[in-house]
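So, here's a batch of structures to check.
Each of the next two complexes has subunit A plus one other chain: subunit B in the first, subunit C in the second.
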Partner chain A sequence: MSVTTHTPSEKLAIRRTSANNTFFRVARYVGVRLLTLFITVVIGIYLTIMIANMGGYVDEIIKNQIRDSVTQSVAASPNAQQMDPEVRKKLIADRIALEEKRRGLDTPIAVRNARYLVNALQLDLGRAINLTSDAGSKQVRLIILERLPATLLLMGTSQLFLFFSSVFIALTLSRSYGSFWDKLVIALSPTSAVPPWFYGIFLILIFAAGLRVLPFGGMVDSPPPPNTFDYAVSVLKHLMLPGLSLVLSSFFLSVYNYRTFFLIYSSEDYVEMAKAKGLPTRDVERTYILRPTLPNIITNFSLLIIGLWTGALFTETVFLWPGLGRTLFQAIGLYDVPIIVGSTIIYAYMLALTVFILDFVYALVDPRVKIGE
Partner chain B sequence: MNNLRTTFRKLMLYPSAMVGVLVIIALVVVAIYTMITIPYSEAITLWRGGEEVWYQNPRFAPPAWINLFSSKKYSESFAVNTKDGGITKQVIPGKDGISTVEMTYEFDFNYDYYPQEMLFYFTSSFKEKQPFVSIELLTPDNRTIRIANYAIGNKFTYRFSQDQKLRTKLRAEEAIPALFSLPDSEEPLKGTYKLILTGTTFEPDSNMDVEFVFHGQVYGLAGTDHARRDLTLPLLWGVPVALAFGLMASIGTSVLTMIIAAIGAWYAGWVDELIQRITEINLVLPFLAILIMIGTFYSRSIWVILGATILLSIFTGAIKGYRAVFIQVKESMYIEAAKAYGASSSRIIFLYLIPRMIPLLIPSLVQAVPAFVFLEASLAVIGLGDPVLPTWGKIIQDANSNGALYKGLYYWVLEPAILLMITGLGFAVLGFALDRIFNPRLRDV
Partner chain C sequence: MTTTSEKLLNIENLVLHFKTSGGSVQAVDGVDFELGTNRAVVILGESGCGKTSLSKALLRLLPRNVDKYSGKVFLQNQDVMLLNDEEYRQNVRWVGISLVPQAAMNALNPVLKVGDQVAEPAMIHLGLSKAEAYGLVYKMFQHVGVPADFVARYPFELSGGMRQRVALAMALVTSPSLIVLDEPTSALDLLTQANIMNVLKRIKHELGTSFILITHDIATSSELADEVAIMYAGQIVENGDAKDFFPAPLHPYSQMLMASVPRLRSDSDPMFITGQPPSLMNPPAGCRFAARCPFRFEKCSQEPPVFQKGNRKVKCWLYQ
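Right after this comes the complex of A and B.
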């Protein structure tokens, strides 16, 4: 029987290898995770491009549009009327070929899809086909940037309000389990089966059509008020109904879910123990209930943040809110593939990034989670 | 069976769930009734029919029952015909084959609002000489107003509001209000009005018939839309469509999700890995955008949309939840026993793994129905509804594009909206209660 003793240099070596192990483990994990996420995004974007092209069907539509407009413009020009029919035919054919080349329709669809994919992955979103920004630009990036503030304003105010109010109310309710308010929230939680635009219609009916106190839709009065204060008030007025309908449609279910969640955690033994020790309710809530539920709350919050960037397609359409969701809807109607792909790629990147960061955040807030094991 | 009974007994403890069950039963009954009384093909011809089908109805008319809630009464619509005896018709033969046709119709007008329009649709048969008709209106205060005289062809339509001569004769901007009030008065004159049509035919076999159509301000149980269509048709047909779409999408999605999760958990290895990766890719795909693209570019048929919805909804977060449970169940003793006696993989998956999960499946299945019902309506509202089917979403879309809320035609939006709401809440309430029964962890809190 012998006692092994390590010299100081040996101890250092052991510590170093274990540090190296951790480093390699995390590095390997990060590498593999980034690669799988990237492949996921690539496949997802490629599928979207395929669907947005409908396997070349959209090309046919666009080619016909070009043929129509070129033929009409040639027929309408006075010069062409004196031309020999053969010459005119050739002129039309040349101009169609030129226009198709300009739009890149002369290259095979597979090549074009691959080019779209590579450009999109580099966040080079290209030019829109039909839509323009209000400032007149056809750059997809500029169109998206122009609509983004409207969406962020609507989604940001409503979703942040929804998140914080429902967590706060849920905490309060979980304290008074079985009370009247608790039962009311349970009873009302099925109302969240109804989508926001639907509440929107009722709100328009009451506040816009019935009481005539709030506008039917849009983001600002027309013409827009000249000074900043009036402008802000006008935007706020327009924001009320869409914002309220977004909040209303998920409020009760959200409160109910958080409340149930907190209740499950507050029935743990260590919470009873903390209460028995006589700790104040605030401390019990903060350290013993909120802390272990933090990973889930963070997940919900980050998904909410991603959701902000996509906008609410139906709600924006019903309220004529000039945001990203409505732009996407318009783009689809106009077969504007670059915009559809552009808004998808932003979403895909955001999602992949969030999923990636969440892994580390979990490891930070939850000591039980270790990265790469 | 016993299990089902205990579940039902537990369900009885939730009054809201019973309301949900009743709503669903009522919807199913209405759906069956609708499909029997108005067959699919008939519904579509009616829904896509134009003036020739719906000429008897007024436009933009609220339902007749709003008179119950209004102190001022709106005039109701009706249509009468000589052929079914609604208008009394008497033929008095005269000399030289010339005969007189006396047609009279009496109706009560006790309303506070004037009708939208009145029309006569004449039909006649003759060889050479067209029959002749003169129209008169006898008012409650015994004035006789001569409306018009016309020689009528095989088909002839007379519209009161469009008769320039009548307007000049009555010295009024609009003919109908002037006919239904005392001279120099703005108030409708209530009482019994009598229409007298005196026709003359000039040949022995010549005959004439007339239909009188009165377009009031209100119509029927549900009102009408911009194309004079009776809204009861889409409201009724919306029930089977919504139920079919919601149930099929939710059953298809949950059952397929469960089977795929079970297969992944059972075979593990690359199959499981593949399913996980597909799920992650599917999370990146923009669900709504893809559905809208399919609707815009490819087909708006409800079946195509249904298929796409199911395909896109299989590989979602739910698959991960099911997988986690299946991996636990896979280790149980009874699976071990099944393996020992040599059960095949498919036998274990379908007979031993999946049945264990049905308690988890049912609540989520019922809870998913409203989302799909509303999805169909949402797509219809932005103009991507099935082009031929009458549905609730289509009514809302028509109403929105005709500015119904702006013009105050609230019934047009409210009727489908309330039905959608009742359907959605019915399933949501039931699913909620089922969830609490089948997931005991929730029941305690």
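Right after this comes the complex of A and C.
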């Protein structure tokens, strides 16, 4: 074993160059990383635009809709009935052309997509085709902002509850491998194959239709209670069933998942060593199981947080919950491309940002991770 | 022979069986031995003979599939097998017995500074503040030859030899009376092995610690050993003073094990033992070594008792 010795001035010089190196390394890493993430986002959004437009087929659908409505409105007008058929045909053709021009369907799809992409990347989400916000706006941004709180309330409560309860229960179960509760959770984990909206229908049948203790759907009583406390109670009552169905459909699988994860990490040599050292169980779990697995847990947690954004499409629909998921569901049914793309863009940006931040978080919680090496 | 009251450690009929799908594996099957203060015993044997399981049974580091765990383990005249898990944790772990594990590589938490990991037992068992515990850490690092500024390093920043020394410092920090070393040098190169053995010798001399050294490395271990215990198929077949053992082992298995060590400056080829050790799932009745033993006779179909031969104990009918 040999230890190299340096004079103080040498040490200082070494430290200074290594600090410089670190700065350049991190700066270079940040630049490259942001660029690659941006390219990924661009590709992702472009693909979403293509898919949401069905590669241009949505244009055909909309053109047909325009033709239909124009023909019908012309046919319904008393003036047109006395017109010469040729003139009427020309009138219809003119009005179709005008409407197509208004909607921008006269420019080629490739050009429109490119323009759309540039706007979308600047978070200029445009206007919805069919949907409007409750306040009457067709601005995609306003529609999304209006629905966001309801989704955050439903998804936030259920997913946070799910996350913390499954991590805590899983940690307890991993301590008693093979016990009755452990086996019960394993046996029940296939229940997660059933989607949440299916549980939702059952819960509605039992608690709303059968027992009549909780409401069928919606977010608040109609008319809404005037004072804040009653309002909150009403929202809470409406939140119960959709929240419960979201939790129920993932709970056992989630516990099973984390329990297996903790079991694997609790058979590491250093965990046994910590037990041999006579550390109390709480310390062993906190410092020797949770601490080394923190990067994985943080990853799961942050993906969960940004996953709140998309909402729960079917569950919100089943419970008539006025959130983003239900709006997205409606938008897909109505080929309302701007809303689908708008929601995806925001998700893509959030995902890219999360991935970017996570790299730094890993370096903070795990000394083995060095940024840009 | 000294009486129990003067012994640091006295193990009587220690048994540890594991449950597997094929049946019960008798990894430790009726082990007895004693160890005095400031003595080092080397437990030798082939891979799979139950050496590591013996250390696990001794330290109550049991896997989940334990089938049978019984016997008496007197540590300073207290039967620690009678303690419940919490009492055992507070009174035995790292206070009475500490461990230097087989793979020190993985025995350190990858995300904690080694100084913190070494200080931890001192803070928990001796009730020291972090600063006081670090005082002990520096002292122990000096004992085992780790530079003091390594306290702020993470395990992945240390070499294998350094990590092993850190594990040793960790075992010493609470000044336990007994340290179990489970193949502490088997993953290291020869020079580092020699270094570690020298550190162990010095610690034994300076701190008066007792060691149980579990290894299959006969040559290295002979430097430290005061006593030798030979383990075969979950049992101790010979146990006694190292000075008498090494020149003339008694049990046929011990003799063949010693003969299998290659020797410098000798024309004789190293010997090997024909056959395989018996399955610990269904060990043969009678002497477990009988099938491979060149001296076997009718008596060997019965389980041999332990015979006292001078200051050695041997489990073989030849010494009746």
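We adopt the following convention: the second predicted complex is superposed on the first by the 320 of 373 C-alpha atoms of A that agree within 3 Å, B and C clash if a C-alpha of one lies under 4 Å from a C-alpha of the other, contacts with A are read in each partner's own complex, and residues count from 1 in each chain.
To be clear about the criterion, contacts are C-beta pairs under 8 Å (C-beta built on N, C-alpha and C of every residue); 3 or more make two chains touch, one makes a residue touch a chain.
Because the structure is predicted, anything quoted here is derived from the model rather than measured.
K.L.:
Once the shared chain is lined up, is A:Ser77 touching subunit B (first), subunit C (second), both, or neither of them?
P.N.:
Neither: A:Ser77 stays clear of subunit B and subunit C.
K.L.:
Now for A:Ala276: first (subunit B), second (subunit C), both, or neither, which partner does it touch?
P.N.:
The answer is second: A:Ala276 touches subunit C but not subunit B.
K.L.:
Can A:Tyr288 be said to touch subunit B (first), subunit C (second), both, or neither?
P.N.:
In the superposition, A:Tyr288 contacts subunit C only.
K.L.:
Using the superposition on chain A described above, determine whether A:Asn21 touches subunit B (first), subunit C (second), both, or neither.
P.N.:
In the superposition, A:Asn21 touches no partner, neither subunit B nor subunit C.
K.L.:
Under the stated touch criterion, name the partner, subunit B or subunit C, that contacts more residues in subunit A.
P.N.:
Counting residues of subunit A touched by each partner, the higher count goes to B.
K.L.:
So, A:Asn296: does it touch subunit B (first), subunit C (second), both, or neither?
P.N.:
neither
K.L.:
Just checking: does A:Ile340 make contact with subunit B only, subunit C only, both, or neither of them? Give me first, second, both or neither.
P.N.:
The first partner, subunit B, only.
K.L.:
After the superposition on A, what does A:Ile43 contact: first (subunit B), second (subunit C), both or neither?
P.N.:
Once the two structures are laid over each other on A, A:Ile43 reaches subunit B alone.
K.L.:
On the A-aligned overlay, A:Tyr177 touches which partner chain: subunit B = first, subunit C = second, or both, or neither?
P.N.:
In the superposition, A:Tyr177 contacts both subunit B and subunit C.
K.L.:
Would you tell me the residues on subunit A in contact with subunit B in one complex that are also in contact with subunit C in the other?
P.N.:
The answer is residues 177 of subunit A.
K.L.:
Show me the residue ranges of subunit B that touch subunit A in the complex, using the header's touch definition.
P.N.:
16, 277, 280-286, 288-290, 292-294, 296-298, 367, 370-371, 374, 377-378, 381-382, 396, 400, 405-406, 408, 410, 413-414, 417, 420-421, 424-425, 427-429, 431-432, 441-442, 445
K.L.:
Within their complex, state which residues of subunit C touch subunit A.
P.N.:
59, 61, 64, 89-90, 92-95, 98-99, 101, 103, 106-112, 120-121, 124-125, 145, 147, 154, 156, 161-162, 170, 195
K.L.:
For a test of understanding, state which residues of subunit A touch subunit B in their complex under the given definition.
P.N.:
36-37, 40-41, 43-45, 47-48, 51-52, 54, 57-58, 177, 187, 189-195, 197-198, 201-202, 204-205, 208-209, 216, 260, 263-264, 267, 310, 313-314, 317-318, 328-329, 332-333, 335, 340, 343-344, 347-348, 351-352
K.L.:
For subunit A, which residues count as touching subunit C in their complex?
P.N.:
So the residues of subunit A in touch with subunit C come to 1, 3, 177-178, 268-270, 272-280, 283, 287-288, 291-292, 294, 365-368.
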